[in-house]
Each structure stands twice: as C-alpha cells, then as structure tokens.
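Each in structure tokens, the structures are laid out below.
One chain, subunit A, appears in both complexes that follow, with subunit B as partner in the first and subunit C in the second.
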Partner chain A sequence: MTAPETPALDTVRRDALAQLLLATADDEFVIGFWDSEWTGIAPMLEEDVATSSISQDEIGHARALYELLAELTGQDADEIAFGRQPEAYRHAALMNHARTDWAFTVARRYLYETADTVRLEALARSSYEPLSQLAAKMRREERYHLMHLDTWLRRLAGSDGARERLAEALRTLWADALAVFSPVPGEEVLVRGGELPEPMATLRTRWLEQISPVLAGLGLPGPTADDLAAGAEDGRTRRTDAFRWLHGEFTMVAASERGATW
Partner chain B sequence: MVAAADPREAVIWAALDEIPDPEIPVISVVELGVIGGFAFEPDTRGGERLTVDLLPTFVGCPAIDVMRDQVGERLRGLELADEVEVRISFAVPWTSDRISLEGREKLRASGFAPPALMAIGAPSVPESDLLTMAVVATCPYCGSRNTTLENPFGPTLCRAIYHCADCRQPFEQFKAV
Partner chain C sequence: MSDGTGPAERIWEVFRQEAEGDPMIHSGNVRAPDEELAMHYAREFYGRRQESTRLWVVARDAITELDDPDLLKPPFDRSFKRPGGYLIKHKLEAAKARAAEESS
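Up next, the complex of A and B:
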C-alpha cells in the first residue's frame, strides 16, 4: 500500500503548486471540450470514434488533476471545473480558439500533444508524488494521442490544398501555442523544490527543438520572430468570445442545478 | 500488505475474483489486474478498516466508479472489517501487462485480442516503439497474424479496432498501455 499522503506544504509553495495544477488541468479540460464538438461530424466514422475517445481521455485527465488540486486546497473538484467564470480559467491561449475546420483542429492538437508530451515527461519527475504518479500514468495514454496526431499531420501535409490549410492554421496558432509554456505564477519556488523539475522556459526550448525539424521537413511553418516574442505573461489569462461561448456550453448542465449529484 | 498467514486474504481475493469488469464482463477485476492491493488498518473508532487500492486502466475510465462501488459492496458483505474503503490509486500505474494469463485467455475466447505484452518489468516502451508494437494483433477468431490496425481508438478508452485479412472479421483488442 503505497498511496501517498498529501505532504504538508507552506502557503507559498502550495499556492504555486495549485497554479501549476490548475493550468495543466484547464488545458486538458478545455481542449477536451473543444474537440468533443467533432463527435458525430468528424471527417469519417473512424475519426469520429478516435477524436471522441481522445477528448474523453483529456477530460478524464482534467478530472484527476482537479481532484489533486481539490485535495491540496480543500475545494470541490466539480466546483473548480464548472463553477468558475470564464476569466478565472487558466488554460493557454491556444485553447481560446473555436474548433474551426479539420486542418485547424489537427494543427492545434499536434501543437498541444507535442507540448503536453514535453510537460508530462517533466511532471513525471515531480517531487510532489501525487502529481508524478498521475503524470506517469497519463503519459502511457498520451502516446496514443501523439501517434494519432502525427499520422494526421503527415497525411494532411501530403496534399497541396490540405497543407495550405494546415500552414494557415499554424501561422494563426503559433504565438498562442507557446503560451502552454508561459511561466506559472510562483514557478521559481516550484523549480527550487522540484515540484516542477525544470522551468517552463527550458521545456519550451526543448519542445521547439523537437517539433521544428518535423514541421520544416513537411514544408510547414515554424514560429516567426514575432510569435516567439509575443507576450508570455498573459498567455494563460487572455480570454476570447469563442471561449466564453464554449464555457456557456460546458457549464450549462451544472449551472441548471448547482450542487446536484448523479 | 496483509501478512501471508492472515486467512482473510484468500477470502478477499476469492470475493474480488467474482466481480466482473463492468465493460468486459467475461473477466474479473482481479484478472484485469486493477486490484493494487489491500490492507487492514486500525480505524478512528478503535475498530479495523479494510483499505483497497483500485488502479484505473485509463485515468478517464468511466467504469471506475462502478468498480469502486461493486468492490466496496462485495467486501462490506464479507463483514471482515468494521469499515471498507476503496481508493483510486495511481501509485502503481496499471499497464496491460497486469492482465493475468487466465484473463488473457478469457478475453481471446470471447473475441477480444489480448494486448501485446510489453516486457514485464521493463521501463516504459519508448514513444518511437509504440507504432511497431501496436501494428499487429493475433486474430481471436482464427489465430492469424495477417491483421491490420484499423483504429487505435475503439468503443471504449481501452479498446482498439483491427481487421483480419484471413477470416475477414473485424475484431477488438484490449489496448496495450
């Protein structure tokens, strides 16, 4: 029996860790809801199943992360997930965009899955055991997502019309995708304590080194100098009307009867 | 863990082995390998609490709450402890290698290809090896290896869909993870 006790943490460290958990959970939660919009209308039946399954995985990961956060802060996981106003969500700006077309969805997912892979690899080394254990488990599932999105990226890049749509989507998304690695408030405390084994800036560099050659090899654009310089400080606080609409959708049932259980 | 001498241990394993997986009821939660372990501990009221760790096959598995309820209900019925607590745990990641040999055979007999074994005890398979590992499954109907992966995602989080070129049957595989 090795289920970890939640270690006692000082307030500063606990708040910073809560920010890290919230940012990661919100990323998974919001992208899961965006892509669940494809259920029933994906380009083909097999993809309908795949995209729905991936979205279900992400929402499941978000739930587990919200539960870790709830345990840390004494809140209720459902209340964190569904009880906040849009401005209180902390997902990266990448998840502010509407679903748009299939090429856009593949571009966003590819950017997200590759970034998430780098982040999870780091979190699996976290000194905060409840997080490192969950991250290790999530990694085993995320490999399937990565494999699937890599297949789609290569497939769409192989035909002229689709490649142009992919390229267009990437140009739109690059600056906001970099926001996955925006510094988390209080990050330096977590890096010192090993809860976050490396700074987000280091993870961002690793991610860019991994995916830039792949995209270049497929004739797809990397980030511009402007994208790389774009404001990281509000990368997780900027919200859009597209997200406010999605928020209205995913909170509709919870808002209809506060505190209901089923 | 319960000491080997505790006669209650065998009773508990036998009871758990009667609980079917809610999504693939041909195999039990023990054969599926989702029981991480159990222990008797003193509870706050001077009695004894039986604590069971349940390892989800997938983090987002919607069947886990059903499993937790069923395990709790079955063990409470045994009246071996004053209280029973079933905890969801990630302390040991569930992998498809945890499915027992009997479990694998039962899956196959009911038309599910068992997952490819990923070298028990080895560190996790590198990302680059995943495709190679997932490409071929043995057809549970005719035993052919002449099969193709149709979709790594299936009707539930833990299943993939294959097609057998010899007996021309689509079939599902319990996903290697």
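Up next, the complex of A and C:
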C-alpha cells in the first residue's frame, strides 16, 4: 500500500488550480461575448465575419477550459459557464467594460491578446499536463487573433482621428488590463508545483516589456504610474453594471429552462 | 473605408487548395484595404473550417485579363484544333476490318 499524498496539500493545490482555470476561462468567455456583439454591425462585411469568428474561437477556448475545470472539481461545464451570479465570475476587470466603439474594441482586444499570449506561453509549460496540452493548442489559434489585432492597431494608429480614439480607450483600460496578471488565490502553491511555471507578477513585467515599445512607437500611451500602482487584489473580483447587463444576455437562454438538455 | 482609416478598399481574388498536391481553385473574393487584412479575411472566409491547406490571395488589379473575342473566339471553324476535331471512328473501324481480313 502506498502512502496517500498529503490530503491538505492536495486540496489546496486543486483549489488553486481551479482558480487559475476559472480566471483564464472567464477571460476568454466574457471577451468572446462582448465582441460577438459586433456581429452584423462591424465596419465592413469581411470584418464582421472575422470578428464573429474570433469571438467564437474565444468562447470555444473558454469551453475547453471550463471542461478541464469540471473534470478537476466534478462540476458541470455548462453550469460553471452559465449558472453563476455575476459576482462569482473571475475575469479581469478589463472585461468589465461595455463594447463601446471600434477603436475601443481594438484597444481592449490588443491589450488582451498580447497579455493572453504571454500567459499561454507560460501555461504551455505547465506541469499539469491537461493544461499544458490545451494551452499549446490555444496558442496556435491565438497567433492569428494577435496578427489580426496587430494589423488593426497599426491601421487605426496611422490616422489622426482614430489614433486619438485609440489613445483615449487605452488610457481608460490600462489599469484594468493589468488585472489580467492579478495574482490568482493560492498562486504560490502552483508556482512551487510548476502548474503555473512563473508568478503572474513576472508575466506582467514580461508583457509590459513587450508591448510598451510597440505602443510608444505608434504614439500611443502606456500605463501611467497610477495605473501601475493600482491595487491588483480585486482585479478579478470587482464587477460593473455593464458586465451585469452582459451576464443577463448570455445567461438568458440557460436561465429560461434550468438543467435543460440540448 | 469611409472613416479615413486607410486607402480605398480593393478586391482580392482568393484561390484555395484542399489537399497538398491538388490544383488551386478559385473560391471567390474579399474586400480589404490592404494585403494584410485581405489575408486575414481570406482565412476567415475560405479557411476557418479547416477546409484548406493553402490559400493564394491576389489583388484583382494585379491580374492580367484577356477577354478579347477576336483572340479567344475567332469566327472560323476551329474544331479541328480540338482533340475531338477529327472524326476517325469510321476510319478506325475500316482499318480494324482490314487488319482482321489480312490476318485470317
């Protein structure tokens, strides 16, 4: 008979891993729903199809992550996705904002895609194999999301009126974008075990080093000292009316018949 | 685009290859202001369901077009330039009959 692993540590590790999966899944889920709102009204037909398709991809990534989480905790993936109250979602504050205009969407997506790229690169090295495998798959799709957004960022930055709108959106979003790298509860345990190969704070620094020169080169603002100093503790727990509204939209069908099978 | 974010949009013709070695087949076209977005849109329209192994995206104005009827549909009977232009069915039958006769 082999000695069982220390049960306390096991539970702690599992809970921390669940928090990491939930945070990542909620980010993908909520940004996917926000940007799906462009379906039918994007700047041109081709962009409409592209944006809708990318939003679908994100919701697909969320689904895969919720399923991983459900396996870990014995819950139901749909129930995690649609069965929670708004306050129980753990997406970064970046996803608390309403869709707003096209420049705002491009600014938010650019911040998110670049941050997600840094995070996925780390998760692809996770010692938790189901996660490292999923992250490797997601990276392949996120590559063209990032290319797409990079194209739009440079395009909008190249004209005066659009650049001003982009800059304004970035100024609004910076503090909340940094919340993508808010520490996950129990993170130390995951870093020790390699489930999260590096602390969020390290990833945050790497992300800032990558995108700051790009934005500066385009004449777009980086984070202010205040943005950088903003408390990260509630970066994934504060919710807004804009998100409560979106939550009402995306849970509408599930709420109409609880537990229905499709 | 009308919001001053770039030059007027162009039409890009898209060709796709289903499997390695297959011919590139014209699939349709997309509108985009530049090559980069044209590639993204071509990918979304003709590749997002994993139906393509390769896409060619060509600006329509980079295509040299020939549609002059004098050059393509000359008024004379040119059926003899087609593989089926000569009717050899009867000649062939006669030759076969002759060969059969000679060998009997």
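Everything below uses one rule, namely that the second predicted complex is superposed on the first by the 253 of 262 C-alpha atoms of A that agree within 3 Å, B and C clash if a C-alpha of one lies under 4 Å from a C-alpha of the other, contacts with A are read in each partner's own complex, and residues count from 1 in each chain.
Here is the rule we use: a contact is a pair of C-beta atoms (placed from the backbone, for glycine too) under 8 Å apart; a residue touches a chain by one contact, two chains touch by 3 or more.
If you're wondering where the values come from, they're calculated on a predicted model, not measured in any experiment.
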| item | value |
| --- | --- |
| Clash-or-fit label for the pair subunit B, subunit C on subunit A | clash |
| Partner chain(s) touched by A:155 [first = subunit B, second = subunit C, both, neither] | second |
| Partner chain in contact with A:220 - subunit B first, subunit C second, else both or neither | neither |
| Partner chain(s) touched by A:175 [first = subunit B, second = subunit C, both, neither] | neither |
| Partner chain(s) touched by A:50 [first = subunit B, second = subunit C, both, neither] | both |
| Per-residue touch tally on subunit A - higher for subunit B or for subunit C | B |
| Partner chain(s) touched by A:60 [first = subunit B, second = subunit C, both, neither] | first |
| First, second, both or neither for A:140, with subunit B first and subunit C second | first |
| Common interface residues of subunit A - those touching subunit B in one complex and subunit C in the other | 46, 49-50, 53, 144, 147-148 |
| Subunit A-facing residues of subunit C, complex | 1, 3-6, 9, 30-34, 36-37, 40-41, 43-45, 48 |
| Residues of subunit A defined as touching subunit C within the complex | 43-47, 49-50, 53, 144, 147-148, 151, 155-156, 158-159, 161-162 |
| Partner subunit B, residues of subunit A touching it in the complex | 1-4, 46, 49-50, 52-54, 56-61, 63-64, 117, 130, 133-134, 136-141, 143-144, 146-148 |
| Interface residues, subunit B side, partner subunit A - complex | 1, 37-39, 51, 53, 56, 58-62, 87, 89-95, 124, 127, 130-131, 134, 150-155, 157, 161, 175, 177 |
